[in-house]
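As written, the chains take the letters A, B and C, and residue 1 is the first residue of each chain.
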């Protein structure tokens, strides 16, 4: 096996140096009953049943290519999927640079003298995240948008010595809501959902009541919400008492290319997903969460942080800092149990955003916005309307499609996935609701094809 | 033999932040402009565009290439970081994980449009269950720590389903730092179990704690082999004790690289455990992630696994939602890209090959231990598996040189240092995990470097106070960084 | 050798207390600052807050370690060493003077009775090595 260099002769040399007769002597501390039963059988279909000797590189390539071809990827099937995970055009240099062995095969930069590349890249990632979200500080990344948002809820609880209840917008993505609930399931607190009104936006009257009855330490809202519309963050913030933090989840960071960032609208913590800026959909991961907050909450922030400093030669350099917040030192008092982060994906985001640049980022937002605008107009001509008609959409929206079931099926037959059906996620009132999302790969022709297939 | 691949100097280029290469108005990557009317929003419109850099393609390429050259990496040399399993990962995995059929698929595709992905998840969960002799597996957790939390949350769901509200999780004091943190997050209080000088848990210490806390104990969480690289040889008796009071045995599988095909946690009485795919089954660490932390369990915990579950029917793969599920622990299906690499790695090796992986990992660690114990004090006399732990006591005695200096000195010899000051139970610990992918020649070179450092200390020639000297930057002022945190470019002026 | 001035009371968690009438001045010992290394951050209660004997009342951090501060007395915080919050290195430079942390109006002055005197504390830290 090419990855295992030890030859049989070398094995003997090693045994001699170690002072044992055989391998069994090395593992003699394992009780024999356990050792004798340790073999296992691997089966991968008829062709590779009881796989004892591994496949060669070429055989692997064939097996996995066959497997990959059983999926309808974006190159073969037009899709209008989104809802927190988005398709995008990725420049060639992102893969080329991120696959460099020095980035790919290094470790968490605990030894700053030999990890300056990763450290500086993360420092630039932190800078990008603060500038895009409008917040003063951001960490080195989180697993993904949902886990980052769940960590924000935990952080709000740490900041509040008395009240531990959390309010979550019911129009936040189901994945986000479910992950938040699981993360908080070990704590003694109430998590309540804030319902949405007939516009699909947060019901502020209901929110006011819940604020009174629950006295929560945080309200988690989505910007935009799962139905694609932008909430009025300034108004929401104005309703909250001082003790309740406004946590804004931004499932699509590109939203902030066009719209006022939550940081300038009063948010206390801003979290969300950044994979769509440089990393493919990958069936949902690995992606990268971002986590930004007000500076006063620095000590309670989860995840890693890179700081700038100097070396003993007086040169500017970088190091992991404030690591006493982390699990390996604080153990049961840590701010979070996170150990691994998403270094490589954060690097991809940094490369992508650097190359896209200030103008490119604005153009990205504008193109998404314009494509969705065109889509809405064309669908409306065919009597397919937005379920929640108002004027604050970015790049996706829920449409009422008559006879959705049969039309959806026909789309699939024509090799088109028109969107996400919302019935399973939001109940019978969403029987005919379809969440349709555009992305920069779409052309006018693609949208016309969708409209044609959805409308007859 | 003399260490030959000592660090030397070459052309390394300085580079400011990418923002400092920026010129107002310079265009970067171009996105195609669609043939639809271009519009901008009126409501909530951003007034100040985000200040991203404005740089050309070559500027970006140079910037990140220069940055990369300041990193140490497995591709450059031995990376003996204990408990992290920095093995070489076959590059074919990267090629396979970047196939468009895996990269460019959305998790909300109807199941009939993503059969390949579901088959891959199903096969991987099946293989991961069999390798450890357990009944079911979820690949959803994004990393080891999230896997630990998932395992403990399954245990809590199980107890609560049976009307039992327990308080404590027992954790040996040699455990990974993530263990106590995961415990708190899962709603339990951590009770430490003392590990004696022999380096593993005694039956008596667990018995004693059980006497004290009885049925308030939800589980015991252990790493096996543990963080000293020592096998918990009393594990089966400990499992029996726990099961006797209805408690569960939870295993941190961070060190699975030591026992593939050599011992199955299922046979040790383990009820639930988490893997670290990025350690054992090959995903490059990438500067700290991504990883993946699947959880395998016995059938009594399976009804609580995160939703959705991938099921195999006669001719297709479908999704099932369990009514008693703990919910989701990560968006979508987990870190799918890491799963592709893991399955490729498992199939690349086969069951015999995986056994060989652990066998060679154990031989390599013991070979280093045998060579190094001539000059360094061992952290424990008990047999080591895939890693060995040394202490700095001889070097302190000889010339007051501590582990930190030895670690920094190793950099000038061209190596990444071992894990230092962990486990906490050994003073001045150096935890060395060479992994199976290092050749005997490389191990000899590494040993020579460490032995030469010890000799120089003994001869009182060096204290390595100023080390490292050959690295791109010198000793870093971490105190200054923590006292006045500069966490983004815009903090410089504060 | 860490300095242990006479006239102060000491805790097992390495805090010192100076009692003047019913006002207790609290800080950490020379031994504590030495074992922590360069202190980078200190978190203290606000003026007016009540603190309880043997309960944590603050946090002191260095690059590699973090410790809770345990209160040797029960009472109300009447003064906080503000300059120390800005310059935590004062704890390293001068743990017994400029490095003091809080002044507490003590409810029960017998709180310090079970604490160690200088000689006993000296012995205690020598044992700890």
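The rule we apply is simple: contacts are C-beta pairs under 8 Å (C-beta built on N, C-alpha and C of every residue); 3 or more make two chains touch, one makes a residue touch a chain.
Predicted model only: the values in this text are computed from it and were never measured.
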item	value
Greatest separation from subunit A - chain, by CA centre	C
Centre-most chain, if every chain is reduced to its averaged C-alpha atoms	B
Subunit A-subunit B separation of Cα centroids, rounded to whole Å	20
Rounded Å distance, subunit B centre to subunit C centre (Cα mean)	38
Chain centre separation (subunit A, subunit C; CA means) in Å	44
Two or more partner chains touched - positions in subunit B	478, 482
Subunit A: positions in contact with at least two other chains	322, 329-330
Subunit C: positions in contact with at least two other chains	41, 61-63
Subunit C partner contacts - residues on subunit B that touch it in the complex	478-479, 482-483
Partner subunit A, residues of subunit C touching it in the complex	41, 43, 61-66
Contact set on subunit A toward subunit C in their complex	299, 322-324, 329-330
Residues of subunit C touching subunit B in the complex	38, 40-41, 61-63, 88-89
